[in-house]
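Read the structure below first, then the notes.
For reference, chains read A, B, C, D, E and F in written order, and residue numbers begin at 1 within each chain.
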């Protein structure tokens, strides 16, 4: 019996470069579809990432999850690959994908859901904010 | 098959005047029910509006929706009607409704859900913040 | 028929001391499990609390709930017990519970759900932020 | 000898209606000069006000000023006059002045500097934010 | 006689790529001095820029400056050159300068101080925030 | 000749317990003077600390200061002493001082000004925020 399912969220941040541009499209078409995000020499963002997991608090510790352990997983699987990097050039788990915020959130989910299952709770939501006006949520 | 439903949110802002007051009630009753919000010569807020839509990212663009197009709809259907306006006097889509944050969020949903369906995704949530302490969410 | 279920959220804040430490564990084990949160002479936080209730707006007032009344309940049942207090020493409703953010959110839910039912709406969510990087949500 | 001059700031908030419009100008000229701020039926803002005073901390209390007393002065001299009011219609101390953020900050200084001198410290700065993009500072 | 000097601040934002790396240094030395900021394929930020000007409010308008005009100058002289650009590759006014936040703030001052003098007020401060933890202020 | 003095600010955070209470005063007098801050079993805050230094950017690096080195000094001299600690019990550099925000900011200045001189720039300002409504600035 689930008596008290709690969601707990850890915020992390990373700064990265990217652009939205397809090699198989002309510069004109890229500009038409992606606007200033297609600017050829890259631009970048301070991304904010909220990782929400869910579970029942342990009666021993009151914790759904050890947040330090969760933080280590997020750092090992996501942050060290993207922080101060170029998402389109440097990031293995984004190879072959356009670096829209949507696609990046999905890829971060894929990086995290397995390892988080391994520490006794379930990944619930990836929330990724690209600018103060734009953000996405992904629930798997 | 839905493989990757993503929610994407666009934030917009507007500054507007309003009051909470019923013409068919006495000033005393308005004050009793609506408190300082019934102040006769209006007050106002910097409203923050988050419009969340959902859909699958396009394999062509990585986008659930073209955010510029979404922005244009929000501007055309909501912002230009309410920004630097009096909600109770100037706003056609609020005629006959008390301008509580709840009612305003419902009216904004009604303004947006049709046009957003027209661009290939679905409106998921209106979140409207009146002050840093008060906000509403509406899911249709 | 529910035509327009709206969620409305009230934010409150409190500043409190606490620690994470079990009397039946050695200092070493407490340190190992709870890290710096087990520091013996307490530490503290500025907690932010968002209480979300749901209901249909009244046709008379446009309100799901009178926010002043909701505020009074939150103050009477939660804030006056925890603000400028030590959660582990001073707070009756946390007696016998470790003051993890998870447990504190659950206890706040228990304090509020009955009284909120008494004013004609339903408690939907407790969101409690301990630091800018850590927060929990509880839906009962 | 001043050994340790400290500045301490108290934030307050108020929600008010106003417009920028001169009765001695045509609507066209008001629109040309004041843009959408001249909209005839008012608009409004959530203003944030930071009042900074300076002085030496008391050796008895460690305080430059009793913040509760400072808060009472700000409430009595400013907030109760402007919160949930129309700055152009309801506020005695703005009579005859255009309600630009600049003029409002100056008027708030005038309301506060005398009473603050009376509690043993000196008003240093009024900071007034009208929207997240616009704010003024006034030093007397 | 200056009776009421007021400072007014306009916030703008831009998203840009950059890196800290000198062509005349080895990758090892760049890494040692600039750390992860020297990552070869660029990274990026959401920069926040606050431009503060000072002057006396006009008795005609209550304005120190027409904020729309100030906004146009900031856009024309700064934002359109850096937003969704690579500061090190695309920006003429940063040619030959390392793109530290310090140097970028100085260059923005140089871009703005002349044109702002031309609209009857004086540039007072450039405040530039690179991340939520790092920012610079420059007073000319 | 100083051609371009720049101020650069590093933000850090710490969570700590404290109270305002004098052992040589009765509980009644402590309550009268310090209000709820005198609550005997402590309370606490998430403090935000902004450390501003000033200097000329190096022509070699564009930096006023190596922010990593500045961060290490702040951590070594301040954060590790106060984070997850009780300011009144655990912190050597606050011994014998009431833990008002004013006094804490002065003590942090004293901890940092010498070591910061040692890395080639000058401490300009300590800004310390106790809650979202209260903060102090100290310039030495």
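Structural remarks
Going forward, contacts are C-beta pairs under 8 Å (C-beta built on N, C-alpha and C of every residue); 3 or more make two chains touch, one makes a residue touch a chain.
Just so you know, these numbers come straight off a predicted model, no measurement behind them.
Between chain C and chain D, the least number of touching-chain steps is 2. Steps from chain B to chain C, taking the shortest chain of touch contacts, total 1. Looking across C-F, B-C or B-D, the pair that copies the A-B interface, with over half of its contact pairs the same by residue number, is B-C.
These two copies of the sequence, chain C and chain F, are related by a rotation of 180 degrees on CA atoms, to the nearest 5. Separating the CA-averaged centres of chain A and chain D is a span of 42 Å.
Chain A and chain F, compared by their mean Cα positions, are separated by 34 Å. Multi-chain contact residues of chain C, defined as those touching 2 or more other chains: 132.
The chain pairs satisfying the stated touch condition come to A-B, A-C, A-E, B-C, B-D, C-F, D-E, D-F, E-F. Chain B makes touch with chain A in their complex at residues 4-12, 52, 57, 61-64, 67-68.
Here chain D touches chain E in the complex through residues 20, 33-35, 97-103, 105-106, 132-139, going by the rule given at the top.
If you check the complex, the residues on chain A that touch chain E are 13, 15-18, 36-37, 39, 41-46, 83-86, 89-90, 131-132.
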